[in-house]
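For reference, the structure is listed below as structure tokens.
Letters A, B, C and D name the chains as they come in the text, with residue numbers starting at 1 for each one.
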Amino acid sequence: MISFRSDYSQGAHPKVLEALISTNEEHTDGYGLDVHCERAAELVRDLIGVPDAHVHMTVGGTPCNVTFIAACLRPYESVIAARTGHAYFHETGAVEATGHRIVTVDGEDGKLTPALIDRAFEEYQDEHTPLPRLVCVSQPTELGTIYSKAELNALFKKCRELDLILYVDGARLGSALTCSANDLSIKELARLCDAFYIGGTKNGALFGEALVILRDELNDHFRWMIKRQCGLLAKGRLIGVQFEALLDGGENSIYYKIAARENVTAEIIRSGLSALGIRFYGNSPTNQVFPILPVSVVRKLEDDFFFYEWAPERDGVIPIRLVTGWGTTTEEAEAFVSAVGSLL
Amino acid sequence: MISFRSDYSQGAHPKVLEALISTNEEHTDGYGLDVHCERAAELVRDLIGVPDAHVHMTVGGTPCNVTFIAACLRPYESVIAARTGHAYFHETGAVEATGHRIVTVDGEDGKLTPALIDRAFEEYQDEHTPLPRLVCVSQPTELGTIYSKAELNALFKKCRELDLILYVDGARLGSALTCSANDLSIKELARLCDAFYIGGTKNGALFGEALVILRDELNDHFRWMIKRQCGLLAKGRLIGVQFEALLDGGENSIYYKIAARENVTAEIIRSGLSALGIRFYGNSPTNQVFPILPVSVVRKLEDDFFFYEWAPERDGVIPIRLVTGWGTTTEEAEAFVSAVGSLL
Amino acid sequence: MISFRSDYSQGAHPKVLEALISTNEEHTDGYGLDVHCERAAELVRDLIGVPDAHVHMTVGGTPCNVTFIAACLRPYESVIAARTGHAYFHETGAVEATGHRIVTVDGEDGKLTPALIDRAFEEYQDEHTPLPRLVCVSQPTELGTIYSKAELNALFKKCRELDLILYVDGARLGSALTCSANDLSIKELARLCDAFYIGGTKNGALFGEALVILRDELNDHFRWMIKRQCGLLAKGRLIGVQFEALLDGGENSIYYKIAARENVTAEIIRSGLSALGIRFYGNSPTNQVFPILPVSVVRKLEDDFFFYEWAPERDGVIPIRLVTGWGTTTEEAEAFVSAVGSLL
Amino acid sequence: MISFRSDYSQGAHPKVLEALISTNEEHTDGYGLDVHCERAAELVRDLIGVPDAHVHMTVGGTPCNVTFIAACLRPYESVIAARTGHAYFHETGAVEATGHRIVTVDGEDGKLTPALIDRAFEEYQDEHTPLPRLVCVSQPTELGTIYSKAELNALFKKCRELDLILYVDGARLGSALTCSANDLSIKELARLCDAFYIGGTKNGALFGEALVILRDELNDHFRWMIKRQCGLLAKGRLIGVQFEALLDGGENSIYYKIAARENVTAEIIRSGLSALGIRFYGNSPTNQVFPILPVSVVRKLEDDFFFYEWAPERDGVIPIRLVTGWGTTTEEAEAFVSAVGSLL
């Protein structure tokens, strides 16, 4: 069996594992107050070119999103997000669990636009309606699509106009940064939002995401928030150690290399299937591929490959989702294309 | 100035006020544990024909909705409601404040259908998504429309099928029960849902809504919930006294008479404007009327009448909302029709 | 039966009721945005001598306390209160329901002191412990005792030193202001705290408390908070109308007269029992009296009087609580003293 | 420098690290639905002798505690815990963040007793007070002390009598199970509570705690709760892999060996200091040692050792806390004793 089910189906990239092994016997302080977390934060600040950015090592994507959102909002404030976005779609109401509404809009290809933000504001009137205060987007989106520099710039401008905080979920940020369709560097990203995170879990780490907060007032007492939201890891240095390994070298780091490689294997599948005449659900240029396949083909592929069906069958076809990870090989990608070719 | 802004712009119906005056000097226990609340509950049970229904006197619509919803749900469970519905649209996120998502669907004419409930379930998958557990509808809806007996029956059946609690917000229940289009008695309503409330505030009371819970397990420790949600009034008997006055006589009570009269004055406006060729926003047969009027007419009407604009101007017309209350007179309703007639 | 069970066992003082009757037919805007609420707020500002104080008409003590506390705190912040205080003792965890801890201290005679606040801070260390941010006291306390001007001044100074918000629950503020032991005027109170409320429910109103916020930043979007916490009454003017009646005339208003009279009847009981050699639980100079009586006497008194037992029997005696209200007569107070006298 | 600051200052025990390395390239499903988590759960069930126990791999102690507590309670219910206990003392109000009060009692030597539970119930009366529903204790306690079999049995009996859920935080359970003063096996523990966790973080794991739920109804939709509380790790198998390594062999597993060794090094310190005439704060027989040392000694020890001061200086002495971990050596323990000896 070959797995394309997710980019978190294997452990850590070997270099990350090595870093954990080589530091294993060290004694450090707990809860992220250690030299590895500090060095990792420094690497992040260098990479994004913001010397005074606040960086926190968080355990995973959901706690990172929820803690930041809950820290930013007063009780009557709400979040704007795409109805297909992860924060709404796949976090079991964890944002609402902190007492805040997510106002959903129907994104185009998974993405928000200034017009959609305006539309969310049509629901807002006065003290009888929650006040939107934060816009949550993903780069790439849950559908693998990416914001161009111009698109993010327009979003950020709209957010400034409406006094909204712009937060970017970067669970697969590496894949966005290194895909051929991308025109947005991480330095530019850091100037076009108020906070974002650099995802580790789906880019070679065992776990961990590096949250970057770009406005001082949003960082106030943030460690209290992490603890209160149950996200302060005792051996916090583990996340720091992993990000040291991932980000050493900046844009030449293994973080970028892992991501680029995920994109290469995804592109093999994408172009291979495309050559076979297969169409796709959405327009992902990143490490998620959503081919729409005949049901009979899908059923046979299940014998040799793991993947998710992404939407219910309709008219005899099903969109499936394939995700490549740090360990996915060229051969595995080609094997999938061949298998489809032989089944058509 | 004549006010059609709301059915809560005046105090109490004279009979309700009299009841408050005549009982004012009595000493009773606080927090709703008094003979008036008990008698009011008994009147409710008689009216709905359910001798063992649980009845609670609550301070207002928002606390009633939120307390019941929060009492029913486990932390990971969510509510299904129309995006135009009051619980989503006009309660400043008070439901989400208790930690629960409202999954919105785009109701037709403000109403939910079994198909829309199924659609809400398309978002539900497994432990990564909140589990819908309660459906919240209003009778009449925020747009003044009503569910027929067949429609509510179909909703309730769908709820039973999906193990959903069906809750009916009856802020203006009287108007629904007494309008000419209605085919659903309160006795039938009480058999086609799990809980509902009989609205007092918009039907002649100073304040107060009588919550009716029709399943024992949903009533467990409910008074603890009311207190915890800040809704236990010290002089709780005030609500009991008002509902005693309102419901004495059952279907011949002033509750029914006030509502019927609200509908009569609304109908004068509706048929009068209709005769003038005016069209309406939605299809309300109750005490809310939503005529679509030329902007110039609206601007002149504002000199003599209070009302809300219900949606932004489009193509030179604006839908406005007129609401009749217990004190609205035939003359006031006719004056509005005449005014429009003279302005067209 | 004569009731001393509470100061909320009867309806409204006749003058308050009259005001409700005389304004009943008026049409006003809802939700507290009306001329009566505005006039009531103006009367409050005059009374306290703070022309720019923010005043909100709230439905009851619990919603007032909880809404203000939740509005002031960031998620990781906590409240300091006496373990015997109302916010901890009798609100079913309504503060914690908003996500905040109450750090309890064992008050002396129900009261906090600067030293007790320091003791609460001994639990606070860093991001592993919630940060105390608001001190909640009552004037008078749950045990009927009052803070002197010097005591409140010391508390406020300590709060300023530790960057704590000082909030005073004034459910029975009238009784404190008008009792013979008091040396603290309402004008002084308004300079020695950050917010307080003037209680209506227990001082002649049907319901309603006037919240006074003395720092602009604590008032930010406060009406959104009231609505989100389910406390925005549709016919909000009802509270305004009552406070207009209560506060007209300032220190010569019926608010002061009602309170003074409650104290007079309480004092009849207190001095009468004292003359009989009865001791008291605590040291209340206000409208609550806590005599410690032999069990046999208590059992017989129950035939003619309503009251609460305040603590379990110990050594053959029980502390009971007697409360006088706006309607309590001199004769009723004397009847109680006589009854005890005849039973000893 | 030698560190006695915590049992989480180093990485994983070598055998645990090996297990992570050897499984690193495997593809598995995410979120704990994998063969390693299943095997680890099976090892837990074997070890405790409860074939149908529910076992969940959780990320850390705080999320484990908070998720279980929030899953058990209805909104108006509260927790009873020692004021010195971890859930109250060191989790930044994370329990209250879910809307529930912790009712604190002053434990004796960190421990609860049936009498203290009764005392907590003295605060409970009716719908005006939160209903205690869960008792949270630690084995060992925050002060290193342990419950004997008889003591836990008495607690459990009291909990059954009052319909309370008994939950045992086992962050350092290994140390309790293997210390010489212990008479309570893990099989017995599993029969004397409703849920507990087997701590990994402080017993040789990188992170992770195995939660054991012993009543079916408390496990209902528990994975939804974990996700909603932000605790569902994408690469969930990491926790399973570690517990497979830790628990293989049951009472002969490295889990027991690591813990026993932690106790041995702690005992070297304890008996060594005792021989020097040093007294201790509390009565810990586990891997935490709390010697009370002269200030001057403490200041000099700081040059060579890391440890926490546990309470403020009083009368010239300070209680400090020393904790031994999986990597603490006999030599390190002896070095500390020698250092103290030379400084007295």
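Heads up, the rule we're going with is that contacts are C-beta pairs under 8 Å (C-beta built on N, C-alpha and C of every residue); 3 or more make two chains touch, one makes a residue touch a chain.
Computed from a predicted structure; not experimentally measured.
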item	value
Relative to subunit C, chain with the most remote C-alpha centre	A
Which of C-D and A-D has more C-beta pairs touching across its chains	A-D
Separation of mean Cα positions, subunit D and subunit A [Å, integer]	34
Distance between chain centroids, defined by C-alpha means - subunit A, subunit C (Å)	51
Intercentroid distance (Cα basis), subunit D paired with subunit C, Å	43
Sites on subunit C at which at least two other chains make contact	75-76, 91-93, 97-99, 127-128, 130, 224, 227-228, 232
For the subunit D and subunit A complex, residues of the former touching the latter	1, 3, 5-6, 8-12, 14, 17, 20-21, 23-30, 59-63, 66-67, 91-94, 97, 201-202, 206-207, 224, 227-235, 238, 306, 327
Contact set on subunit C toward subunit A in their complex	31, 70-71, 74-76, 98-99, 127-128, 130-131, 220-221, 223-228, 232
Subunit A contact footprint on subunit B (complex, rising order)	75-76, 78, 89-93, 96-102, 104, 123, 127-130
